[in-house]
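Labels run A, B, C, D, E and F following the written order; every chain starts at residue 1.
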Amino acid sequence: MIPVKRIEIVVDAPHSESITRLLGSHGLEGWTLLRGASGMGQRGRQHDDDITGVSSNHLIVTTCTPEKLALLLEDLRAMLARYGGMCLVSDAHWLRH
Amino acid sequence: MDWSLISGNLLTPPILFFCLGVAAALLRSDLEVPQPITRALSLYLLFSIGMHGGVEFASAGFGFTALKPLLAGIAASALFPLATFALLRRKLGPADAAAIAATYGSISAVTFVTACSFLQDREIAWSGNMVAAMALMESPAILVGVLLARRSGVGNKAGAGGHGSILSLSREAFLNGAVFLLIGALVIGALVGETGWKSVAPFAHDPFKGVLCLFLLDMGLIAGRRLGALRESGGMLLTYAICAPLVHAAIAVGAAYALGLGRGDALLLTVLCASASYIAVPAAIRSSLPEANPSLFLPMSLAMTFPFNISVGIPLYMAVIDATWRAA
Amino acid sequence: MDWSLISGNLLTPPILFFCLGVAAALLRSDLEVPQPITRALSLYLLFSIGMHGGVEFASAGFGFTALKPLLAGIAASALFPLATFALLRRKLGPADAAAIAATYGSISAVTFVTACSFLQDREIAWSGNMVAAMALMESPAILVGVLLARRSGVGNKAGAGGHGSILSLSREAFLNGAVFLLIGALVIGALVGETGWKSVAPFAHDPFKGVLCLFLLDMGLIAGRRLGALRESGGMLLTYAICAPLVHAAIAVGAAYALGLGRGDALLLTVLCASASYIAVPAAIRSSLPEANPSLFLPMSLAMTFPFNISVGIPLYMAVIDATWRAA
Amino acid sequence: MDWSLISGNLLTPPILFFCLGVAAALLRSDLEVPQPITRALSLYLLFSIGMHGGVEFASAGFGFTALKPLLAGIAASALFPLATFALLRRKLGPADAAAIAATYGSISAVTFVTACSFLQDREIAWSGNMVAAMALMESPAILVGVLLARRSGVGNKAGAGGHGSILSLSREAFLNGAVFLLIGALVIGALVGETGWKSVAPFAHDPFKGVLCLFLLDMGLIAGRRLGALRESGGMLLTYAICAPLVHAAIAVGAAYALGLGRGDALLLTVLCASASYIAVPAAIRSSLPEANPSLFLPMSLAMTFPFNISVGIPLYMAVIDATWRAA
Amino acid sequence: MIPVKRIEIVVDAPHSESITRLLGSHGLEGWTLLRGASGMGQRGRQHDDDITGVSSNHLIVTTCTPEKLALLLEDLRAMLARYGGMCLVSDAHWLRH
Amino acid sequence: MIPVKRIEIVVDAPHSESITRLLGSHGLEGWTLLRGASGMGQRGRQHDDDITGVSSNHLIVTTCTPEKLALLLEDLRAMLARYGGMCLVSDAHWLRH
């Protein structure tokens, strides 16, 4: 098993593509995206009920080697500062197969 | 003026189901419409209204008469935001003012559809041009709104995401899913004409009213859930949310009269001008102007202007139009 | 008695699609209906049956004759749980006994709808009152069931969540999404009458039977997946799941006869009494009586009583009613 | 040959909505159909086409004439994969070659349905046998494909998951959700006959064309999103994706002529042979042959063969059939 | 980055509102909710297939400062004891933006 | 609170049943499954848009005592090697109730 950083990002649905594009530009080739999340945050309640998905969140899970983390987080921070959202980082082990 | 129009309108199935939805949300019932169904219902409505409009548009021909309401609509949707922005800038930051300006310059497809069903009940004719007008009024307001914000210095660095240029802005505005489907269905309707329409009418036309009831039940739930968020808006914006439709409607009735539109088309142009977007604009604004606070512009249009328009607005505008056209 | 009714009923599309669903689940096919679609289908059925019932209810007038089956239904839905609870307490804890009592006192809207479609096939009339009866029979059973459990000391601390008081209990019972939509659609149907109904009928009425087929396919999948869980119930509960409908039905046939109901209304009252809830009750019980084990009451009503009622029960009750009414 | 058939076909609502979907995907519009809706639309199509076919199948009787196209179809669906596998093994590994062989031996229900709607527009009759043929052509290709791979040593250990035996393979092939629903609806249609069909037709038949438009809009989005992945396939596979349908179609036209089928049935047999699966096969292959690369066989059938068939293929095959049958 | 406790709760759909209300009452102003989870636990299988959502789970993710954790968990434990469900707590880092 | 291993698995929809069966065979009696995940990985893009769910991922979360972990991971690795997919393991605490 390989130690990795597990990164979990929640953003408004319309922004998730920017996030995954950002991940790609940092050379991360794997992520998982869950739609239809509702939530509560500094910008109020996301009901996940409307027509266009503006009030839905997407949750993105990805992994990253500890070396790449700092650069990635810098860009992520800039994006989240503009769009709102949340990012959690934790330690995990990747099962190589 | 015929006040019974208003009370009569309140007792139709679509409006009653809207009220049922609001009631369910306020009473905190666990009634809910799954989000994929909400989206499917809106795809259905855009598909139907677009194709139907396209068919009628093609059968009417593309003369200058046909273009008049279209041009009036586009002009309104580009100019209203300018006035709104100037007005709201006194109290709000540029991002929020621009977002609201875009919202109220643009149109609400569901309000439009409710007005069509209102006309149908009263057997008043309307033309396919108005659907084209609707489709073309979504985007200019977005463009104008975002440009106003940019001129005031919002998001100019736009480092993250790069939604900076006018080009990418127009992309957002015209490739928005709702706008794209509506315009696409319109073009397809115009291409396939009556024959094509007949083959899809048992799906796109016959059940339309019934689907609208379910959709408005859902809109009621959605609006009801956001009534609480209106507190954030403050009195000035709440006043705006009711006055803007009235002012826009008054201007539109005048324009419709000057252009010599029929009563049906006049009502639809009025409704387009008086309504505020909660499909195309919020999505585009989130992308292009993420600085704007969505808990301001979304509840205003969804939980105030939309209910006002479908319950009181439409019959009121009709009564005014009836009185004016009759007086003429 | 006319046994061909039973075999005839088994060969109708809705029942066959139900069987197909059960077969798919048992054979572990990967056929599945996405959960949002399941919910949408049930919203559609509640919407349609509610509005239709309301329209007919209003057109019939609100005399005492109209109220008789209603009152009978409410009484049954409050009294059956008392008997059930007393019976089941010998073997089960109070929470489980109360949950099952509420389940079998309440009604199944899908069974009701299948019975309506059965009557329609045979051109037997029924009245809108029965829809009102259905709507009003959901909640009393929930209230009685939970109160019985509370009296036996279940969840009285109710610290966490605070679903303790009778008031919050009634909220759960009447604001349940299914009950709320059904009653709301009923009231709207009564308000808009025939004109309103006609405008939504191409959606709410014409495709009803076909939608019911898809819905029963789904119900078959859902029931089939829970057949395994029946093992937990043990012989006594399985016996109950078949005998309770028969006993309730016998009482209901007698009551219907005594009240002088028509054959259609008699069947519907019988079906309401004989059926067990899996829409309103489980949701309300999870909130108000979380101590009850959902893998007891849910599989019983879904995987035993429901299939029994729609396949054998409905035609059997009809045959008995036919024989009784003819004998009279 | 009548080339106007092709241009005429391109201007029908279903094809235009397919193109709209492709355009939306290529332009990166945010238009999308939620996945549960995609599945619901396909359930609806399988339900409708299955039941309708069953009804017609039963009314036609089960003589040898009825069986001829059925047997031809099954033979084709078992033999084509053998040839394909031999051909593709020169360039591809056994897993990928087998997956593509299964894909192109099997059939596409949506292409079939589009061909039915094409025939309906031209008032050309076709028989319920062809639906039975379609239902029975899905599985043999899967079996043959996986067995070919196994013979070449793929997944023989099959430790994990245990999808090894022929038995569990046939389970996958016949209990696939799409196959199961289709065959089930076919049997139910045959059991309930015209009376049963009439009761569901306002749902299963009347709105069919309109639903097909929405479904093809969605298929366009799905296909468009995979156009990029075609780069992985390389020129040889792209050529195969267009030539296979043509070769299979030519053989099918010959067989249909030899069997003395009517023009409608001939077209449907041709379309079945020419089309490639993206419903039953990919699901079964992922389970039974996970070694195959899904970004090869899925984009080929979805983004090349399917669009080719519904736009150019169907009218082309019809023109050839018309010319041949007329010449006879 | 700020060290936080990541809390992950799975409960039956009808109870998720009680949970988020509880989070609010403890002063947590952020959470994300995912619907339509199926699962297996001590109370058997949740199929996520039925009409009312009773057989669906909701998954709630939230964060909490280490100080607030103990009190929150006490209340959560009482709720889960009554309703059933699962709660996992782990260490994570919050990306301030 | 009991220390456990949190295991998070992403696989193609058609394989999730094999995974949950495997978990059962290792004596794990609890898991949560989220459908409708899209993603990106070594086998390309999963769009979560198609008719049959082949292009959807399922995300499975489960827990396991540290002792059982090694055996479970061995079997999981074999399965993922054949099917593709991802598995992350991290430390967490289970709230006993």
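As a convention for this text, a residue touches a chain if its C-beta (ideal position, glycine included) is under 8 Å from a C-beta of that chain, and two chains touch if they have at least 3 such contacts.
What you are looking at is a predicted structure, and each value in this text was computed from that prediction instead of being measured.
Starting from the Cα centroid of chain E, hunt down the chain whose centroid lies farthest away.
D
Looking at where chain B touches chain D, is over half of the residue numbers used by both copies, so same, or under half, so different?
The interface is built from different residue numbers on each side, given that under half of them are used by both copies.
Can you tell me which chain lies farthest from chain C, using the average of the Cα atoms as each chain's centre?
A
So which one's got more C-beta contacts, E-F or B-C?
Most contacts of the two pairs: B-C.
How big is the gap, in whole Å, between where the Cα atoms of chain C centre and where those of chain E centre?
Taking the mean C-alpha position of each chain, the two centres sit 33 Å apart.
Averaging only over C-alpha atoms, locate the centres of chain A and chain C and give their separation in whole Å.
45
Would you kindly tell me how far, in whole Å, the mean C-alpha position of chain D lies from that of chain A?
Here the centre of chain D sits 38 Å away from the centre of chain A.
Of all residues in chain C, which are in touch with two or more distinct other chains?
30, 32-37, 39, 177-178, 206-207, 283
Specify, in ascending order, the residues of chain E that touch 2 or more different other chains.
As it turns out, chain E has residues touching two or more other chains at 14, 34, 36, 48, 81, 90-91.
Going by the contact rule set out above, which residues of chain A touch chain F in the complex?
1, 4, 6, 20, 24, 29-36, 61, 63, 90-97
Any idea which chain C residues touch chain B in the complex?
34-37, 39-40, 43-44, 47, 51, 171, 175-178, 180-181, 184-185, 188, 191-192, 196, 199-204, 206-207, 283
Give every residue of chain D touching chain B within the complex, in rising order.
Where chain D meets chain B, its residues are 11-13, 16-17, 20, 23-24, 27-37, 121, 206-211, 213-214, 217.
Would you tell me which residues of chain F are touching chain D in their complex?
12, 14-15, 18, 36, 43-45, 47-56, 75, 78-79, 81-84
Using the touch definition from the top, list the residues of chain C that touch chain E in their complex.
Going through chain C, the ones touching chain E are 32-33, 35, 38-39, 42, 155, 159-161, 177-178, 221-222, 225-226, 229, 232, 278-280, 282-283, 286-287, 290-291, 293-295, 298, 302.
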